[in-house]
Structure formats: structure tokens, C-alpha cells
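Let me begin by presenting the structure, written as C-alpha cells, before commenting on it.
Just so it is clear, A, B, C, D, E and F label the chains in written order, and each chain counts residues from 1 on its own.
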Amino acid sequence: METWLPTLMTQTPQAGYELAIKLSRMAVKLTQLDDEVRKKLRSTYAENADGLTLVAGVVARNFQTVAAANRYWRTET
Amino acid sequence: METWLPTLMTQTPQAGYELAIKLSRMAVKLTQLDDEVRKKLRSTYAENADGLTLVAGVVARNFQTVAAANRYWRTET
Amino acid sequence: METWLPTLMTQTPQAGYELAIKLSRMAVKLTQLDDEVRKKLRSTYAENADGLTLVAGVVARNFQTVAAANRYWRTET
Amino acid sequence: METWLPTLMTQTPQAGYELAIKLSRMAVKLTQLDDEVRKKLRSTYAENADGLTLVAGVVARNFQTVAAANRYWRTET
Amino acid sequence: METWLPTLMTQTPQAGYELAIKLSRMAVKLTQLDDEVRKKLRSTYAENADGLTLVAGVVARNFQTVAAANRYWRTET
Amino acid sequence: METWLPTLMTQTPQAGYELAIKLSRMAVKLTQLDDEVRKKLRSTYAENADGLTLVAGVVARNFQTVAAANRYWRTET
């Protein structure tokens, strides 16, 4: 498998948030390998209120990890 | 994409809580890009008891991150 | 908006637990602004076993934050 | 309200686990004040597989807090 | 009640994982005291995809606690 | 039982993510011992949107543990 996660470090909190989204999607990708099935399911959860909230919960958890890894991007003096 | 998360630092716990809400909403926004669909779904989960509790759970998780980033706004002497 | 979260510090663990409940409710309040709708939904989840367990899960998460903020109310010598 | 949570400190991990169960139940108690309703609901979730797993998840979260408060009951030399 | 949790310390990560499973099961056992009911429910969630995923989530949370208690079994030099 | 978790340490974040997936699957394997049943259930959750999101949530939690164990693979100078 090619390298898709070389580091948890990011320059900014926003880039860290985008990495958290990527981490959330990779779990799905590595569980359901079929691109077509994933694509079909995507339209399901993206149009379902609780489905979207569940996704937001996974992103929040991964963002906890990324933020801690980056020491919350604190700029201490 | 424009900058929407320049920092996790906030002046007060309450501002931190508002940032946690923003973080929770952005995951939904970045998953379901269609404004109209999100607007329609919003009325669904906001009028559903368990849907609202799930939302509160996501906010709680993001608030953990923001609070830790701000060292819980402790004012140590 | 008025100040409702001036600090995460509390005198006792029990007061911290009450703050965790307040934090959990504010997420709901800030998502569903209509008092009447919330009141109606409240009777729904408060009489539903899994709904109550979900609420307890949100409170537990917020209590983690409040307890960490207060260094677990340890009285070290 | 009377004092039900004077401290998060316990003598043993097992006593800490029992406190985690107490914390989980208090959230339910403080959300649904009616003893009769809670009693009725209890029979519902205690005989439902996913309901019990959800309860176990809440206990696990509270145990994280109690265990951290007690520095995991380590006996370091 | 007899002692079932004398310590969170384990010799290896794998023994820690087994303890996390034990912690997850004890919450269920202490909520549903009837052995027969638990046995019946077990066949329910063990043959249900989402039920098993929920169980895995509880184990993951308890493993976080056990792993942190053991300082992740790091062998630092 | 043979050794399947000798350590939480990995060389890279990506290897840590793969370990998080392994940890998530072992909880399922140790709860449902029958290979055939698991195989059947797998096709169920892998083709269900919310089921996949739940799986992603478990992986995220285990990744938190693995990442913390590896001090987030920081290379500090």
C-alpha cells in the first residue's frame, strides 16, 4: 500500500482538521474496498441527519488525536 | 478554501464552547456540500430527541479538544 | 449572548458534575433555539431507555473535561 | 441536594469502577426525576442487548475519568 | 462482592486488551444481574453487525484506560 | 492464545493506523468466535452507511491509543 499518512504534523489547525477528515474516510475505505459500493453509500449517509452527526463524531475524535499530536498548535513564548 | 480555523485559542471558556459548536458543524458542511440539503436535514435532527443528543455528544468531544488546547483557561498564580 | 460559562473551575466534584450537565444541555439549547420544541422533545428522551443512556454518555464526556480542568479536585500535600 | 460525590478518589480500582457506575446512573437520575419511570425503563434497557452495550460505554467513559483521577492506582516505587 | 479488579497493571499489551474486555463485560454483568437473560442477549448482539461494532467501541474505550495506566507498556531506556 | 499484540509501538503513523484497525477487529473476533458468522456479518456492515461510520469511530478511538503510545511519532530535536 502506498504511503498516505507520513506524519500527524500539520502547519495549521485547519490543515489538522482536514487530516482528521482524511483519517475518518480511510477507515471506511479500508473496511469497504469496493469504490462503487462506497460511492453509493456516501449518498445515503450524506442525506441523513443522524448519519451526518455520526460522521461529525468520528471527525471530532480524529481531530482530538491530530490536535494533541501538534500540541494544539500553541505558540508559546 | 478560505481560513475558518486560524487557532484553537479563545479568550474565555464560553468562546471555546462556541468554537466547539463551529468545529462540529464544519464536519457536516464538509461532508454534505449542498446548502439546501443541509438546511433540510437540520430541521430533521433539531426536532428529534436522540438526534439532538447525538449533536450534543459531538460538541462535547470538540469542547474537550478546545478546552485542553486552552489549558482549561486556568489562571494559575 | 449573556455569559453562562465564566469558568470550568468548581469547588467540588459534585458541582463539577452539575456543570457537566449544564454543558450537555447548552449544546441542545444552541442547536434547537425554540423553547417549546425542546420542552416537547424532553418528554420524549426522558421516557426512553436508550435516549437516557445517550444523555448519560454526553454528561460523562463533559465531566471528563470539567474533572481534568479541576485536576480531579485532588488535594495533594 | 445532598452530597453524593464528595471525591473521585477511591482506595482500589474496583471501588473506582463502582463509582463509575454510580456516576453513570446519576446522569439518568438527574434527567428523569420520576423514580417510577426510571424503574420501568430499567427493565427495558437491561433486557436489550444494544441497550446494555450503550450502558457499558457510559461506564467505560466515567471509569476513564475516575482512573485518571486516581493516577490509575499505580504503586510506584 | 469478591475482588475481580485488583489492579489495572498487566505484564503485556495483550493481557491489557483482555482486561479491557473483562471491564466491558462487567458493566453489563452489574447492570443485568440475571445470568440467563445475559446469556440470551449475548446470542443477539453477537450475531448482529452493529451490535458487535458497539461492543468493539466499548472495548476500545476501556483499552485506552488500561493502556494509559500501563504507560503504554513503553520500555524506555 | 497466541501472541497477536506484542507491542503498541510502530515505526510510522500509517503502521499505527493499521494496528488500530487490527485492535478494532480483535474485539469483534473475541466476542463472536465463529468465523462463518463474522464473515456473514461483515458483508452486512460493510454495505451499510451508518455501520461503516460506526466502524470508523472504533478505529478512531484505537488510533488515539496507538498514537499516544507512540508519542504521536514526533521527531523532536
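One rule holds in what follows: a residue touches a chain if its C-beta (ideal position, glycine included) is under 8 Å from a C-beta of that chain, and two chains touch if they have at least 3 such contacts.
Everything numeric in this text was worked out from a predicted model, so none of it was measured.
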Request  = If every step must land on a chain the current one touches, say how few steps get you from chain A to chain E.
outcome  = 2
Request  = Find the chain most remote from chain A, comparing centres computed as mean CA coordinates.
outcome  = D
Request  = Give the rotation angle, in degrees and rounded to the nearest 5, that superposes the C-alpha atoms of chain C onto those of its identical copy chain D.
outcome  = 60
Note = Chain centres computed over CA atoms; the one at greatest distance from chain C is chain F
Remark   = Across the interface between the identical copies chain B and chain C, with over half of residue numbers shared counting as same and under half as different, the residues used are different
Inquiry  = Measuring centre to centre with CA averages, how many angstrom lie between chain D and chain F?
reply    = 26
Ask   = When the centre of a chain is set as the mean of its C-alpha atoms, what distance in Å lies between chain A and chain B?
value = 15
Chain centre separation (chain A, chain D; CA means) in Å = 31
Note = Residues of chain D that touch at least two other chains are 45, 48, 50, 54-55, 57, 61, 64, 68
Request  = Examine which chains touch each other and state the graph shape they make (line, ring, star, complete, other).
outcome  = ring
Sequence of touching chains round the ring, chain A onward through chain B = A, B, C, D, E, F
Key: chain C-touching residues of chain D, taken from the complex the two chains share   = 3-9, 23-28, 30-32, 37, 41-42, 44-45, 48, 50-51, 54-55, 57-58, 61-62, 64-65, 68-69
Ask   = Hey, which residues of chain F end up touching chain A in the complex?
value = 12-14, 17, 21, 45-50, 52-57, 59-61, 63-64, 67-68, 72-74
